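The structures considered in this document are given below.
In the two complexes below, subunit A is the common chain; its partner is subunit B in one and subunit C in the other.
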Partner chain A sequence: MKSFVARRLWHMCLTLFVMITLMFFLFRMLPGDPTATVISPALYPKAQEALKAQFGLDRPLWEQYFVYLKNLASFDFGISFHTRRPVADAIEGRLLNTVLLILPSMFLAYVAGALLGTIVAWRRGSKFETALVFAATSLQSTPVFWLGMLAILLFSIRLDLFPIGHIVTPGLFPDNSLKMYVSADFLHHLALPFLVNALYQFCFPFLLMRSTMLSTIGEDYIELARMKGLKESRIIFGHAMRNSLLPLATTMPMILGWAVAGSVVIETVFSWPGLGLLMVEAVSRSDYPMVQATFLLIAVLTVAGTFIADLLYGLLDPRIVYE
Partner chain B sequence: MKAFSGNIPDTVLNIEGLAVEYGTGTGPASALVDIDLRLDVGERVGLVGESGCGKSTLLKTIMGTLPANGAATGGTISLCGQDLLSLPESERRLTRWRDISMITQSALNALNPVQRVGNQVVEAILAHESVPRRQATERVRSLFKIVGVDPNRMREYPHQFSGGMRQRVVIAMALALTPKVVLADEPTTALDVVVQDQIFSEIRSLQEKLGFALVLVTHDLSLVVENCRRMVVMYAGVIVETGTTADIVKSPMHPYTIGLRNAVPVLGSDSDPIAIPGAPPNLTTDIPGCRFAARCPLATDECTAQFPPLRPAAGGRLVRCHKTDETQNFALKARDPAAWATPCDSP
Partner chain C sequence: MRLGHIARSLVILGATAGPASAAGDLVPELDFLTWPAAKYQHYYETSNYIAEGWRQLGVRVKLNPAPFPSPMLGMWFKEHKFDVVMSVLSGAPYRMEPDFFTNAQFYSGNSKPGDWNVGEFADKEVDALGQKQLGIYDARERREIILKLQAALHRAQPEAIIASVVSTTAINTKAVDIPGFEPAPDGLRSIWNLLKMTSKQDMAVRLGQTIDQASFNPLAANTAEDFINLSLIYDRLIELGTDGKPRNRLAKDLRVIDGTTIEVDVRNGHTFSDGKPVTVEDVKFSFDYFKKWEASYYKKYLGRLASVDIIDEDTVRFTLTQPYAPFVLHTLGQVFILPKHVWSTVVADTGIEKPQDYRNDGPVGSGPYSLKYWKEGQEIYFTRRADHFMKPASDLLYVVFGSAEVVGAALKKGAIDVSLQPLVPTVVKEFAKEPNIKLYRTKSNGYMAARYNVGRDALKDQALRQALAYAIPYEKIIKEIHGGDATRSASSIVPINAFWHNAKLELPKFNLDRARAILKDAGYTWDKNGLLRKPE
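== the complex of A and B ==
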């Protein structure tokens, strides 16, 4: 077990190193001159030179790369080209907003998906199953931005139940204090993006759970459990669901990284000032330090999620033994 | 048979006129027709027949775990005088395992891979008796000792057990509530002959000690000869012959039983086993006559038109055949494959 963890940690470091390198060079291959947004072409050439030197952009690419690596090693993510403030500060401010939106909706989606997937598989052939499976497959193939826009159109514009976007009513919390996260106004703003995201994320665990349950139900030990005279609920939840949860529980951590990346869309639609929106802004401004840091964060989440999934599998399935 | 129904105290399980149908895409398939089966206290009965003849369906009907598309359409299954088929599901559930339990085939899949084997036996006890968990665990410990599994392995998982040990766990599970009837569904198909022999001597000695009645379902005729005094032969959803094992093996009276005996290879014998030509009938089609008629060399118009009843024959035997007068002669020449040519073969 210990050597497995050590080996996996080493692999994670390698993966992240490759990611960091790729991201560094890929963004620099994108068309557009970032210096143009940072350094006004209207400045004197001398001043332009001085600014370039200040950001280190006058050095050769490989030298910039090593400086970047050196800074990363001390958790220095650099200074945003756009705001001229440390990238870490900007991410810190946005991370909580994304976490508050994504984590609870993912949690709800997975719990509801697992439960409904179980029930639907048990009641196979019922109208309830047909309807829910149809809804989930349609929903899963619906682009989430379109879903979000429809929700805004219906609930915000037509019915005027929810605000169109943003995290709180502008101007209500001028000092951006933590107080705003416990306000009713925040919850009111959270509701719509939360529900849209939960609805969208629900489909995958629901459909996965249903199909795993259907194959589990056919197993001999389920029939034996019934022959043993166990209660129906005990057979469903104690035997069938317990076994069917394995693939779901192990995909969940991996999905988490993907969900944070997916927050780009939902945050853009709802103008939710989270990581996703920050990424979109940073990419469109060629804000290298910001782009690299946010992408790195998602890479770390995904790689760590995969690692957790591996450990979880060993915990949930006694047949898996790590060496 | 009807005269004895359930009144004799010795009879523990009495099945009469049982019929089971499966709904299929091409109409209902009559999986079991007119099944009569009586089981006395402490008796060992063998149930043989080829795959798809309805052995497993019969067991599932007795246990009440038919799949959703299957249902009993007639007859009774009475356990100590109580008709199981007319019980509501909530009461039926309580009789399961407490009165009739089962040793399933392929013990690997019969055990839940992510639960400790001990717990899987404990939960069977707890589902039927309101005893403290610790007491149930103690009982499982002693059960494990009885079937020859180290009780300290109760906390292990199924994949940590060998095939033979897993089968012993399944036997311990079947005996957990000291049932009156144990149904053994090909309990040793996945095991080699040495382990198979160990398991069977284990089952026999437990059966004699605890006194439950045993139904051994198998397609291995030799297992029945070794273990059961009485046997039942099934073909295409009907019982074709029942009687003492010794009688039936010595002088089978139904053409199918004759063929079945010839199909068993005999070690050291010069003659090769002979297969019965043809295949079992499609049970979704309506078969008015004998279900074996299409493969039977003795079949006449009567056989294809009329469903034969189970007729008593010598030695308490019951045979479902119109041609019992001719079968004795046929049995003598049945070793010759040419004897199996059916009237349908020559136009």
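== the complex of A and C ==
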């Protein structure tokens, strides 16, 4: 087990290193002069040269790469081209907002997905199942920005139940204080993006749970449980559901990085000042240090998630032995 | 064997096609750099309509949409990688200075990568007139030259001017009033209109937009939006008026002593937001400071400034290296007056390398507003200074949105009072019926044009460029693509810049016969496929 963890950790580092390198060069391989957006082309040529030197963009690419690696090793993510402030500060300021939006809605989506997936599998062939599966597959193939826009149109504009976006009512809180996060105003603003994201995230665990349940129900031990005369609810939740949870539990950590990446869309639609919105802005401005840091964060989350999923497998399923 | 046979017959075909065409080579296919269709549909479609018009003339055109900003901006301003580029130059107050859209853009000396003459245009008359007007401070005298310069550009056609955009923004009249609104090329964003915005609810006027501030450091800023907000916090000596003429701001009086000497009397009795007085020392310090630390945006505007001297406690003298008429608007009208007592010690106190790296989180300025707070990506709150001579009416609260689509909806819902984001035509139509929404149509001083790269072979010939101007369906573009929200101009100094605009130039109309006549006269021919061939 120990050697397995060590090996996996080593692989993780390798994967991250490859990712870091790929990201560094991919963004710079885009056609055209990568400095074009960073440094306004309207600037006086001499001024452009000065700015280039300031950001180190005048040095050869490989040199920039090694400087980047060196800084990264000491957790220095650099200075944003756009704001000229440390990238870490910007991310720190936005991370909490994303976590508060994404984690609770993911949690709700997984709990609801697992429960409904179980029930639907048990009631296979019912109208309830048909309707829910149809709804989930259509939802899953719906672009989330469209879903968000629709929600704004209906709930914010037509019914006037929720604000149109933002994290709190503008003008109420002069800073991102604890007072802001525990206010009713914050919850009011959180509600709609939270529900839209939960609805969107619900489809995957729901459909996965359903299909796993369907194969579990056919197992011999379910048959045995029935023969023992156990109550139907005991069979569903105590035996079938418990055993079907395995794939769900192990995909959950992996999905985390993906969910943070998915926040890009939901945050843009709802003007939610989180990591996703920061990423969109950074990409559109070719703010390399910012882009690299945000993408790196998602890469770390995904890789770490996969690692946790691997470990979870062993814990949840005693049949799996690490060698 | 068979392949060789086909190849040989192709050679024969090619050989026979040669003598059949009478005159010179085909006019090369035009590489038309344009905006990505998905995100900048208006601009893309405009280029598409232009290309369609030119194709009817027998010119082959290939649209080359490139992602904006990168790599498009680089291809446009640095690499000059196009025969034609769909040039969209936004209007900005300082671009009312007549040099900007004429000489700066078309002077042959400005053709280096990154400079404004992106089409590497060169014309003796344009160069001569352009350089001449730079030395004339007297507006009326200078105007004569500027008018001639526009006529020369009209003849030489370095670009085909399509139209100026009219954008519509709106306010909620239940929440806000703008008494004495002045039509300005930057509309509601103009400082003169921001100052007048009066809340009817005794709170801050809430303005919605999608852009956030990048920096409140005047030396580090280089986007138009940053400068607008900085000008609320910091004063300048001169402020451009909505009509294109300079107005005194921190300056009380301005005298041109000779071509290279200008004296400015500074308003007395005014203070910075920390209560310290604004003096001629601060004025001299600011100009020296921007120059010394090479603030990138200002480098161009301070290049001709030789020295700033204090004459007495009211007066500062600016000495230039050569006569430069745009100095008044471009330099005095753009450099912010910084408090010497703050900035002179910033580098030493904070251990930074240069003041550009200073965060300037609590900016101290003498402007009509002071920054109460800035929540990055969310809100910027400006508190009005009741004692300021520009008399700001209300506090301003900028609200940043993630996408432009919802800003209009937020206005209608009452979540904001002013939409700085231009509204799309369908929303404009809808809002026209709303009793509480007032629309403002803003005519930009920027414009759209098909800019030619004269440095490349395809469009070197003036006659071809002149003909192309008559093969553009202008009216169709304005009506079908821009929903009527655009106005035409024959000059790059558009009509809203009334004092400098040359209204006597002929506005080209879509007229293929006329275009063909110009080409025929210049010796162009058409082959049997209808494709245009150069004179032999």
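By definition in this document, the second predicted complex is superposed on the first by the 303 of 323 C-alpha atoms of A that agree within 3 Å, B and C clash if a C-alpha of one lies under 4 Å from a C-alpha of the other, contacts with A are read in each partner's own complex, and residues count from 1 in each chain.
Assume contacts are C-beta pairs under 8 Å (C-beta built on N, C-alpha and C of every residue); 3 or more make two chains touch, one makes a residue touch a chain.
Keep in mind that this is a model prediction, so the values were computed, not measured.
Contacts of A:Asn243 after superposition on the shared chain: subunit B is touched, whereas subunit C is not. When the two structures are aligned on the shared chain, A:Leu316 is found in touch with subunit B, with no touch to subunit C.
Number of subunit A residues touched is higher for C, counting subunit B against subunit C.
Looking at the shared chain after the overlay, A:Leu230 reaches subunit B, while subunit C stays out of its contact range. In the superposition on chain A, A:Thr268 contacts subunit C only, with no contact to subunit B. When the two complexes are overlaid on their common chain A, residue A:Tyr221 makes contact with subunit B while staying clear of subunit C.
Residue ranges of subunit C in contact with subunit A, taken from their complex: 66, 69-79, 112-116, 203-204, 206, 212, 214-215, 217, 220, 222-223, 294, 296-297, 299-300, 303, 356-357, 359, 372-373, 375-379, 381, 397, 399-403, 405-406, 409-410, 412-413, 415-416. Across the complex, subunit B is touched by residues 125, 219-221, 223-231, 234, 238-239, 242-243, 246, 316-319 of subunit A.
Across the complex, subunit B meets subunit A through its residues 63, 65, 68, 93-98, 101-102, 104, 106, 109-115, 123-124, 127-128, 157, 159, 173. Those residues of subunit A lying in contact with subunit C across their complex are 30-37, 39-48, 50-51, 54, 82-85, 90, 93-94, 149, 152-153, 156-157, 160, 163-167, 170-171, 174-176, 267-273, 277-278, 280-281, 284-286.
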